[in-house]
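Letters A, B, C, D and E name the chains as they come in the text, with residue numbers starting at 1 for each one.
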Amino acid sequence: MSDFPILSAALLLPILGALLIMILPPRQESSIRAVAAVSTLASLLLSLGVCFGYDQAKGGMQFVESIPWVRDLGVSYALGVDGISLPLLLLTNLIGFSAVYASWHTEERVKEFFALLLLLISGVMGTFVATDLFIFFLFYEVVVIPIYLLVIMFGSSKRVTKEYAGMKLTIYLLIGSAFLLVGLIALFVKGQALLGFPSMDIGTLAGVDFPVTFQIFIYCLMAFGFGTLLSMFPFHAWSPDGYAGAPTAVSMIHAGVLKKIGGYGLIRIGLLLLPAGARYVAPLIAILALGNVVYAGIICLNQRDLKYIVGYSSVSHMGYVLLGIASVNLISINGAVMMMFAHGVMAALFFAMIGHLYQQSHTRNVGDFGGLAHQMPRLAVGFMLAGLASLGLPGTVNFIGEFTIFVGAFGVYNLLTILAISGIVITAVYILRTLGGVLFGPRRSEWDHLQDLRGVDLVPLLVLGGAILVGGILPFTIMDLINSGVGQLLVQIGPGSVGGIF
Amino acid sequence: MSYELLAPEIAVAALGLLVLAIGLLLPAHSRKAVGYLAVLGLAAVLVLVIANFNREAVFFAGVYQVDKYTNFFRILFLSAALLIFMMSSRYNHLFGERQGEWFSFMLFATLGMMIMVAAGDLITVYVGLELMTISFYVLSAYLFDDRLSAEAGLKYLIIGALSSAVLLFGMSLVYASSATTVFTEISGALGSGPEQPALLAGIVMLIAGLGFKISAVPFHMWTPDIYQGAPTPVTAYLSVASKAAAFSVLVRLFLSAFPGLSFDWHLVLAVLAALTIVIGNLTALPQTNVKRMLAYSSIAQAGYILVGLVAANSYGLKGLLFYALLYVFSNVGAFAVVTAVEVEEGDAELESFSGLSRRAPMLAAVLTICMLSLAGIPPLAGFAGKFYLFAGAIQAGYLWLAFIGLLMSMISVYYYLNVAKAMYIGASRREERLLVPTSVSTALWICLLGTVFLGVYPGPLSGLTELAIAIFSIG
Amino acid sequence: MIGLNHYLLLGTALFGIGLYGVFAKRNAIAILMSVELMLNAVNVNFVAINRFVQPAASLGQLFAIFVIVVAAAEVSVGLALIISIYRQRRSVNLDDFNLMKW
Amino acid sequence: MNLDQLVFLAISGFTITAALAVVWSRNIVRSALALILTFLGVALTFFNLGAGFLGLVQILVYAGAVAVLIIFAIMLVMKPDPGTTNPTTPSRDTHYLGGLLAWLVVIGLGLAIGFTTWPSLPAGPVDDDAVGALAQLLLGNYVVAFEAAAILLLLAVVGAIILAKGADKI
Amino acid sequence: MQDILSISWLIPVLPFLAFGAIGLWLHRWPQVSAGVSVSAIGISFLLSLLVALEVFSQGPGQVFQVSVRWLEMPGLKVDMGILVDPLAAVMLIVVTAVALLVQVYSLGYMEGDPGLASYFSYQSIFAGSMLGLVIANNFGQIFVFWELVGMCSYLLIGFWFGRPSARDAAIKAFVTNRIGDFGFLLGILFLAIIFGTLNYSELAARIPNYHNPAVLLPISILLFFGPVGKSAQFPLHVWLPDAMEGPTPVSALIHAATMVAAGVYLIARAFFIFSQVPQVMLLIAAVGGFTALFAATIALVQNDIKRILAYSTLSQLGYMVMAMGVGAMTAGIFHLMTHAFFKSLLFLAAGSVIHALQGEQDIWKMGGLSQKMPVTTWTFVIGALALAGIPPLAGFWSKDEILMGAYAGGYLGLYLLGSLVAFMTAFYMFRLIFTAFFGAGAGGQPVHESPPVMTGPLIILAFLSVVAGLLGSPLTNNVFAHYITAPGVAHHAASPAIMLTSSLLSLAGIWLAWLIYQKQVVRAEDLRRRWAWLYGLIYNKFYIDELYAWLRRVVVDAGARALEWVDLKIINGVVNGLAYLTGSSGRALRYTVTGQVQAYAAWVVLGVVILLLFALMAAIAAMV
């Protein structure tokens, strides 16, 4: 079994599912759902298998597959996972699986919906397991268009229309990716010049000693590209609108995993290939990260639409990830990866709950609700869990991420970290206000008709809530894995101190 | 000399004449049959070219060259023509009893292109080019009772003739400076050292003349009008093949006639390419007619392809060839859908595409995917092509060009997605399903698979392009 | 002594006049005629170059012959187009032909 | 001023005057006639350059066929008042801009040509059997172009017929 | 008996398990849930007793410590561990005992509430978190449980989530705590960065020898933020009175044993750090003292029975913190313990009253309860006497130790302040008692004594309130101080003079209250009218809440609106503006394509001209 291409299998299963759905007749909605559920479940199980099969003691890239793909570009269809990508792979599948269930009640154009959703899941997964720049970028952009279609076909129009939201999201991310692509190509060209042969393999390129000014320049491009995806301040404008317009499943996947590609890229590509550049630019990133945390957090205080709240809050939380990345040390990067995982499950759970609520009530305005815990206790549990995770309560995996980032960043940027930690107060305020506004207060009879979570609706809550708690109560299960990856990465890039840009 | 290597040209010429004759002989109602003949004949020629891909020969002391480069473009032209013949099977009814002539003109245009790419000499290039162009003058105006079509033909003729004159004047100056018209001899005659002003003037006029064919800014203004007015299959052919032919000439010209030029033509072309990309894309943004939008988009696409020549290194040229070929699949695919919709709805306005995804999911999917490929979204072919092109550009030091190109290509997604939006969420005027004949759907499938396959697995085609550009001595 | 330059300048002058005609006239036929002027200018160039630069081979003259042939074809197609459009619009004024724009 | 120059100047002057008449005349028929004169002037230039065959071709094809074609076309689309058949562009901008651009092109090309030193000046001996040489080339190295030109003519004829005949019979 | 220590981790874990079981599965059967919850805390209580016995049998200074790996990477290590020493043991007993009694009491108090199962699950996790905090052996772990305690208080305060006031109070509690935690977390981060460990014993080994004592100043100030929030010291005290919105047993739990005790406990735990920095010690003492006086002042005029008790808690917490600050750590903990007993007693008894009066909390609407509810009344009186510091009840001994500590430590001002507060305490408590229990019966509603399940805990607590103080009294030879001590803690034998003064002051307070409210020598109404502005100021809690609300409205919310404006208009504006610019340049360019073919030709020729110009320039450049 050791030769079994388990990553490819996990990657291709949703695509196969999508193809199968495409050939199913549109009326067979239950079969379509079943196919989606089964293929994502299989993918989830495979990625769990990878998690358990991964040898942490050995570390490094494992489950490696490599097939030469485009010779003259040095491209190989190369997959592999290490401690950094594995949690994110798992995250993708957890959320993907939950997303299928969270959108179980989609009524219109079921076939298109699930086919696109499965493509999206595969695409995201691919970015995390690819160890080749070309393949990475390929998957990176594969996801954009399904998202656009999903948003305009199944999204909702509130403050902005879904068409606007979808287009803004798409174009914004694509423009970010244009910068990224320039950087990648430049990296490739330079790498070829220095290596003497073309290679897109991340491992091979990591061995190349790029000139420092080149590194700085390329890292700036990457920081813009990945930063946009990660909704780095001030390039975050797509994020709240995008989530608000998107259907539940897309919000889940987008906030949950897609954003994490940005962070992953900054670590895997930015840091590993361009350590000098990363360190040089790091202080700037840290300052922008503070912008994320505080600025977006404060804006959250004035939001009334649930999706905007979670949207801005995810911008705010990404600030922690950026801060972790910008601190460039073992602890902070461990924390950043953990935070990505944590925020992923949390945001997905939040959006799943909001989706359930919105689907029935057709409003997302906090002021329209109140006392929903009376009618929908299970939904309230989900909201509470997500909310408490969001404010970094110990016992949830988010705490582990935030705490670790703070420890890692504090030694590098004292003042910035102190200011960033003030974010935990801001988060507490808006999250608690929101929870209080939606769930608590007197029972309102106009919402008596709302159905609580039941049956398949419970799957996202159980899966994602379980992940939040398991990671929070037993953090070593995930953190040791992450550490095995980050540790090797930091050994590879060698010691050094951040700074230089100012 | 193995003259059988000229067989493809001879065969296409013969096929054109045969189609012309049979078209005149057959009774009006059964002239559709010539279409089958043309398709079969072209397929046979295509097979012939592919079979002889590796055989090379230089004819007439370099005036005519059959090499892998030639063969690559021959395959490109032939497959483009083939796809267009297939996808236009319903549209052709609009030509009435003149279908036979239509096919033969298309074949003559193909012949002109094949001559252009193989030509190693200014005169032959010129004649091939005019054969192609004059065919297109007629083809553009082929919808006789359509005011737009006639106007398109006339505009094309006037501006085409003007640029021919410019091109010719440039050729005369090059000829004056080198005393020969054969590319390989030109490079020998010019020697090294600073060039004479007349030669440089000649070269820039060549760029201008051919720039007209590839619709590079500012020689592009005709493009939208002609593309909009001409019959859609003609537009498709015009956009993919005539452009590719002009590129094939430009590449051969610059790399085998002017290889050692100290004049920085790269910079000139880079500026043109940048302008073309920017203006093409920006102007496409506000378009509401899909055909016209695709015309502007094709201007931008030409800009991308031109980047390959700017770079003029291995990646760049590979990218140029790669892109030219994938452009056949993607653009013909897009135009095939436009054709199908136009036949049904009578025009190619954006509203006509509204709700297409319900009426014809296949058409909507193909149009979306082809347009995204044009925008350079992975894993579609356009991405791989752009990757080569811009890798070449960056390698040659044109980072800024890569920036502009990639940025604009992402902006272009906006107008492509507008069409997708109309198709997927717009309300359609009619509800009944839009039927697609087998030949059209075959063409659609070929375009779709080509677009996806070349993007997912670009290896084979890039190998082919590597062979094709081996004739040029480049780094 | 009359040299190549003189002839080329003659060609240039003719070319310029043709070019001016293309811009300045409204009648499509007049524009075709202007284009013919430009092509003739090029022919003057070719023949002169042939005479002064490469008297032994006749490439320039050959080129000129092809230009003449092509020009004839172009004119015939062009005039047919003009007639065809005249039938539709009863006009040969280029100003009237702007159904497609923007 | 020797004879050479005188002849050149005379022919050039004639040709350019005729060409200017083509673009300046307000009567399209006069323009067409001036065009014939221009063609003749060019033919004379060819003769002067020792390209007698080409001069003949010029007269035959241009002054003969093309000019007649043009005049036919003019008659087909003729308006009643011949004095306004060949107006200049109404918009002054286009008009002046066109003139300006034409001047710029002429100046640019003139500068380029004037500053160029040509490889072999003055004129060498004229090949006696120019026609033979041309035939050699046409059916030798340039046979592809020759054949293409043949097809081009066929195409032009068929195309012209189709276009001129129009959509009547559809 | 080492074995019993090694299973002491079960003490916090059991309630957690009960929480999990109820939350996941048992919540369908409320009675079963309640039973499970009570049993879990009961077993924990028994274990705590055994553990305490073991610890005390080993003698002072013995520390039992085990850790398991929880979060570890090079440079950061947070274990989950247990540390059992006398301090922890005492706290374990106090917490489990009070929690157990409160839960038992709740069986009666909460009977029939639809959320019974959730209530008990929250109770369990609350107790579990508090126990985890107590038993923690490092700052990382204590922070984890610290936050969890905050979350539990949020859940319990907001238990009756249908009431907007309960909801708001819960949010207020959590957020205020968060502000304290912010500083606390920073302090922990400092420790982690500077010392590379968070373990108490490792830190204790390193800190006294640390070469740069100046860094301890910010660290300890930041650490002190935690107690300020959690133990509701001024200025973060605002959440505690509002926390009355929870069910009364919850108030008892929060005020007595769990939540607020955590802050004091933390100071005791981290005493080895604080004691290194005299300035901070002074700060702590000052904050504590101020809070004590401040809260006592407010308590004088409140009308709500629970609010009076709440402000008294604040005041007593101030006492404890002050004790810590003056270096009398032992006294502080001692007071924490005795206070836990009598304050929970007072709350539970008050709950009994409220329960009997169907939710009435205004003391002026009560009266004459002593006949109808004798058990409640007399236990309440015992509690009040203990609180007032009447010898020989528990509060007397502990309070005196604090006053003694202040006096002996040279903090004369604080000593006087403490004495004043003692007087005030006695006054307001007996103002309450005379009004609510002995005054004229207000309403004619039938009032019955609470069921035994409620009065039982009252009696037990009353007993404890009477005897617990003996542990620290000269009568037992100060056994408490023998075990609970730390380096730098001064212990002073009680001085009879101080005992006498404070007792007299307390009695004076009671007497004054008797005069005013029982004998009505002066009418309270008149006093109120005469000092209306002062009364208004105090009654409205010095307008601190209003100040915070104003700050929130003016600074935070307006800031949020301003930033949202920035986001929508500037950041989004730039994005949309760029998009618009792109679009309009497209539209502008579009109109260059005029449809006039000659214009197209002009462009072509213009291109040619420019190219020619370029070529000429290039040629000229090449020539020269």
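Just so we're on the same page, a residue touches a chain if its C-beta (ideal position, glycine included) is under 8 Å from a C-beta of that chain, and two chains touch if they have at least 3 such contacts.
All figures in this text were calculated on a predicted structure; none of them were measured in a lab.
Using the contact threshold fixed earlier, the set of chains in contact with both chain D and chain E is B, C. Nearest to the common centre of all protein CA atoms is the CA centroid of chain A.
Relative to chain D, the chain whose mean Cα position lies farthest away is E. The distance from the centre of chain A to the centre of chain D, each centre being the mean of the chain's C-alpha atoms, comes to 69 Å.
Note: centroid distance chain B to chain E, computed from Cα atoms, is 76 Å. Put simply, the C-alpha centre of chain C and that of chain E have 95 angstrom between them. Per-chain Cα centroids separate chain B from chain C by 26 Å. The set of chain B residues touching two or more other chains comprises 123, 126-127, 130, 134, 137-138, 141, 144-145, 153-155, 158, 162, 169, 173, 176, 179, 196-198, 200-201, 224-225, 411. The set of chain E residues that touch two or more partner chains comprises 590, 593, 595-599, 601-602, 605-606, 608, 612, 615-616, 619, 623.
Residues of chain A found to touch two or more other chains are 171.
According to the touch criterion at the top of this document, the contacting chain pairs are A-B, A-E, B-C, B-D, B-E, C-D, C-E, D-E. Of all the residues in chain D, the ones that touch chain B in their complex are 108-109, 111-113, 115-120, 140-145, 147-149, 151-152, 154-156, 158-159, 162-163, 166-167, 169-170.
The touching residues of chain B, counted against chain C in their complex, run 122-123, 126-127, 130, 134, 137-138, 141, 144-145, 147-148, 150-155, 157-158, 161-162, 164-165, 168-169, 171-173, 175-176, 179-181, 198, 224-225, 228-229, 292.
Residues 19, 22-23, 31, 94-95, 97-102 of chain C are the ones touching chain E in the complex.
For chain E in complex with chain A, the touching residues are 69-76, 78, 140, 143-145, 147-148, 151, 154, 158, 161-164, 166-168, 170-171, 174-175, 178-179, 181-182, 185-186, 189-190, 192-193, 556-557, 559-561, 563-564, 567, 571-572, 575, 579. Chain D meets chain C in the complex at residues 2, 4-5, 8, 12, 15-16, 19-20, 22-23, 28, 31-32, 35, 38-39, 42, 45-46, 49-51, 53-54, 57-58, 61-62, 65-66, 69-70, 72-74, 76-77, 85-90, 94-95, 97-99, 101-103, 105-106, 109-110, 113-114, 116, 118-127, 130, 133-134, 137-138, 142, 145, 149, 152-153, 155-157, 159-164, 166.
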